[in-house]
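Two complexes, one shared chain (subunit A), two partners (subunit B, subunit C).
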Partner chain A sequence: MNQPIAHPNRSAGLVELRIPSKAEWVAVARLAVAAVANRLNFSIEDIEDVKLAVAEACTNCIQHAHGSDQIEITCETDSDALTIRVRDYGQGTRPEAIQSRRVDEPRVGGLGVFLIRSLMDAVEYDVHPEHGTNLVMTKKVTA
Partner chain B sequence: MDIKVNVREAQGDTYVVDLNGEIDVYTSPKVKDAIGDLIDKGHYNLVINLEKVRYIDSTGLGVLIGGLKRVREHGGTVNLVCTNPQIKKIFDITGLVKIFGIYDDEDAAMKALV
Partner chain C sequence: MHQHADDERWDRQKTREAFARFAEAKKDPGSSEYERLRSELVVAHLNLVRYLAVKFANRGEALDDLIQVGTVGLLKAIDRFDLERGVEFTTYATPTIVGEIKRYFRDKGWAVKVPRRLQELNLAVNRAIEKLSVKMGRSPTVAELAEHLNASEEDILEAQELGQAYNLLSLDTELSGEGDKKSQTLADYIGTTDAGLALLEDKANLERAFEVLTGRERVILYLRFYESVSQTEIAKRLNVSQMHVSRLQQKALEKLRHVLQE
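So, the complex of A and B:
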């Protein structure tokens, strides 16, 4: 009998989503990821954190990743954590676009990365100006 | 997903902007236009009611910050009405609680403008 092919890099809870890099699709991404998060034992507050972090990541792709018409969102669930990868293939992402800042006086823009870093437990950016940006972020189940 | 925007005149030269829905990168231009129209017409004291807002992201925050900057140039201000814990949390962690007056009800937000 044939044995199932092992995919060592793929957990049982793997969900992949690809959306157009357009503002009207961000809601689809955040709701889909919220549904994935809902399958773990996250609190409602934590699910809201994940929703916002994913939306901010997608918004950054739309606003800064020029030339990328798709955004890939991958969710991997473990029993105690949700890891989300948000990937674009755009060019021209400037380092300051992914720098975090805190608001000390009114200034428009730049809050998205700060929110991502505040709401998620681990955040890692891999930026290639010519080949896009890969963001990996993790939220641990604390409930 | 959409945002409903209702603008109404309150006491004095104060205007209230009622928002209902979700404010994100797609819907925030509608909010920006409503606030911008009021400012363009010379109304610099605003109450923005977020009581029926279920979600706001950084683009929504940016619109509110932009409005506040503009009215401050004319000696005005923007007060917010918000009791949603998740949204208040966003204002808290970004430090925006130090910049905006955030009140539990519209009466308190109006009185604080005077």
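So, the complex of A and C:
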């Protein structure tokens, strides 16, 4: 009865998306990752969590982008996990934005990252004043 | 922004001190000092609860309820937090608060209700497309559908894309988790075989097949076969020639046949 059912073979996939670094585009990212997550047999609750995590990551980029006008969202799927990278490239760095950051204490939107951590299985990020923000998060498909 | 960072540093320091005092007071949990410090910490972090609760507010439960269960999570975090861990309280409390909010959704059977709501919205969207197409003589925009159905544009798009596709739940999915009694599963709700079931399946297949049609094709088939409107009358309503209606109807039926045979 409790034998795990073999997952249908969902071949590894790569989905890339670039949106303008503006709040009104975040919904596009949410919808796209929802559609990707749905292909992996995620439960609806997990899909909602992934959407929220991606929205948070995009919002971080928008709030902290150092002049970057695009956000890049990359979804990589394999049979049992979804890995999403959200990044911007700090081209045309705004000097005032750098000054306000404390190098010893990188904050990618502070609370946003805690929230993402509590929604996803693994989160890694780095912030570089010149090269922008790079956040990678993974969610496993729970059987 | 600089000011903001300073405020934050100050807040962190203040929070640490408050927890240090609270740790002392914990030694005498009956004391009024213990109660006072505990509620002080709760009040100081209600903003965190609100911030997090708002993030879940689009999942169909009242914000006030989410704040309330989130506050339960906050209390748990306050009671368990240990300064010696060397992490900030907000880092520690966030997963606890989020966990409590998510548990609330699970207890409400949310994972069962939401796909159903999306499926219903999906059907409502399809009906609205027909209705608005006829009314306006053109295919409606998502914004118009959203306004007509009193939903967000994102909901409309999602219902269209995923309303039919969201994963079907396992029959053993527990509908509610807590308490001693065995929780009910979806399987408990399954009825006996209904004579109309095959018919229902046909209907469901047809509804799914309808999705391959354009708005105009749907309108034509709907008027022709559900409302028994003549081709000439449909042509008049859509402001096209009867020949054109005939061709569109033919094409639409072929598409349906093709999908249903797959």
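Here is the rule we go by: the second predicted complex is superposed on the first by the 111 of 143 C-alpha atoms of A that agree within 3 Å, B and C clash if a C-alpha of one lies under 4 Å from a C-alpha of the other, contacts with A are read in each partner's own complex, and residues count from 1 in each chain.
In the analysis below, a contact is a pair of C-beta atoms (placed from the backbone, for glycine too) under 8 Å apart; a residue touches a chain by one contact, two chains touch by 3 or more.
No experiment lies behind these values; they were computed from the predicted model shown.
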{"item": "Touched partner set for A:24, first subunit B, second subunit C, both or neither", "value": "first"}
{"item": "Touched partner set for A:59, first subunit B, second subunit C, both or neither", "value": "first"}
{"item": "Touched partner set for A:48, first subunit B, second subunit C, both or neither", "value": "both"}
{"item": "Partner chain in contact with A:111 - subunit B first, subunit C second, else both or neither", "value": "both"}
{"item": "Doubly contacted residues of subunit A, that is, touched by subunit B and again by subunit C", "value": "27, 45, 48, 52, 56, 102, 111, 114-115, 118-119"}
{"item": "Complex interface listing, subunit B residues touching subunit A", "value": "1, 22, 24-26, 55, 57-59, 61-62, 65-66, 68-69, 72, 85-86, 89-90, 93-96, 98-99"}
{"item": "Subunit C-facing residues of subunit A, complex", "value": "27, 30-31, 34-35, 38, 41-45, 47-48, 52, 56, 99-100, 102, 111, 114-115, 117-119"}
{"item": "In the complex with subunit B, residue positions of subunit A that touch it", "value": "23-24, 26-27, 45, 48, 51-52, 55-56, 59, 62-63, 102-109, 111-112, 114-115, 118-119"}
{"item": "Complex contacts: residues of subunit C adjacent to subunit A", "value": "1-2, 5, 48, 51-52, 55-56, 59, 90-91, 94-95, 98-99, 102, 105-106, 110-111, 114-115, 153-154, 157-158, 161-162, 165-167, 169"}
